[in-house]
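Naming follows writing order (A, B, C, D, E, F and G), and every chain is counted from residue 1.
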Amino acid sequence: MVLPINVLEKSLNTQITLLLKDNRLLEGKLVGFDDYMNMVLEDVEENKDGALRRLGTVILRGNNVITISPK
Amino acid sequence: MVLPINVLEKSLNTQITLLLKDNRLLEGKLVGFDDYMNMVLEDVEENKDGALRRLGTVILRGNNVITISPK
Amino acid sequence: MVLPINVLEKSLNTQITLLLKDNRLLEGKLVGFDDYMNMVLEDVEENKDGALRRLGTVILRGNNVITISPK
Amino acid sequence: MVLPINVLEKSLNTQITLLLKDNRLLEGKLVGFDDYMNMVLEDVEENKDGALRRLGTVILRGNNVITISPK
Amino acid sequence: MVLPINVLEKSLNTQITLLLKDNRLLEGKLVGFDDYMNMVLEDVEENKDGALRRLGTVILRGNNVITISPK
Amino acid sequence: MVLPINVLEKSLNTQITLLLKDNRLLEGKLVGFDDYMNMVLEDVEENKDGALRRLGTVILRGNNVITISPK
Amino acid sequence: MVLPINVLEKSLNTQITLLLKDNRLLEGKLVGFDDYMNMVLEDVEENKDGALRRLGTVILRGNNVITISPK
């Protein structure tokens, strides 16, 4: 059995893509997370309905997340 | 009595279909889950209003899920 | 006094109809549930604004439910 | 001081009207409830924007309720 | 310091106005409440976008409330 | 480090402005609050899309608040 | 591993940008936060769909936040 938290641990320092509840996509390097799946991402690129923005380092609140996809 | 968690356990390493609150469908192989019904899926195909996307491995936050259907 | 959980227990292995928060109706045989009113249903038929779909076995997350009606 | 739970207890086996968050009205006989204000109702009539439906016995999840009015 | 619960206690058996999350206004006599700010109101008049309805006695679930105004 | 609760304490008996989740603005004198950031305000003026209303004393449920601005 | 709370601590007394669930952007100096990620910001500028407003000191409820970006 692969626990969700194990996949996060293995994804540390790699690129991940996040789908948020407001349909926003965030892509960046996962550098940390806590027990609530709050995450720290670096070099984040946001894609909101096709409009791209560079966000740098981002703390993401875990309750906004639908899916997390390692690259 | 069949507990929901028992059905998840029996579905490990098989294909399942998930209906999410935003009407998205995810189909993939269930490889793990935790006590909050957060799940790890592999070889995921997403169907959003008929538009298909391949997502690979996905961590899904359990509170976005409406129904889980084993194949 | 009839506790909600008692009605669920008496409904085991019988047909029930569920109204979900997104206005979806699910009808199927209740074969199990847990303390959060997550349920396992078999031979489920979904009715979404009149469009019918057969879903087979379904785990339903309890927090999506408005009403549960035994047959 | 009249506690909400006291009013529910006194309403057992009498007709009540419920207003739900999705603007649905349910009217029926209250035959039970639990600590989360989940309720069991009998001979329920639903009124959704003027469209009436008879639902028979219903388990109602308490977190969908706005108001409860004894008759 | 005036605690919110103190204002509720002082408002017992007086008229209060409630603004609910769905923009509904309820006005009535507060006769009780519990730790979740569920309330019991008597002689309630509802104002929904200008349409008035008399509701009699009402149990109100506290999590639907935005503001409570004593008269 | 300035804790949010410290700012509330220092704002007691002064004017504050609250932005609520439904885009409503409330302005009034903060006279109390509890651990859930439920607040008691006096001489409240509400601004809803430019329409002003005087509300007098108001208990505000904390979970409706986005921001609190001391004057 | 970089915990989200560590990034907040390192951002104390620096400029941060917050994206809120209602699509509002807040930019200001972070001067404090608590365990729920409620924050205190100073010299806040709000950007709501391009309309700018100066808000001064602001207590922000943490559950409205999607992302926090240090400058």
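We take it that a contact is a pair of C-beta atoms (placed from the backbone, for glycine too) under 8 Å apart; a residue touches a chain by one contact, two chains touch by 3 or more.
What you see is a predicted model; the values in this text were computed from it and never measured.
Contacts with subunit C and subunit E are shared by D.
Averaging C-alpha coordinates per chain places the centre of subunit B 34 Å away from that of subunit G. Computed centre separation for the pair subunit A/subunit G is 19 angstrom, with centres defined by C-alpha atoms. Averaging Cα coordinates per chain places subunit B and subunit E 42 Å apart.
Shown for subunit B are the residues in touch with two or more other chains, namely 63.
Beginning with subunit B and heading toward subunit C, the contact ring passes through the chains as B, C, D, E, F, G, A.
Contacts from subunit F toward subunit G in the complex involve residues 1-8, 21, 23, 37, 62-63, 65-70.
Residues of subunit F touching subunit E in their complex: 12, 20, 22, 24, 26, 31-34, 38-40, 44, 55-61, 63-64.
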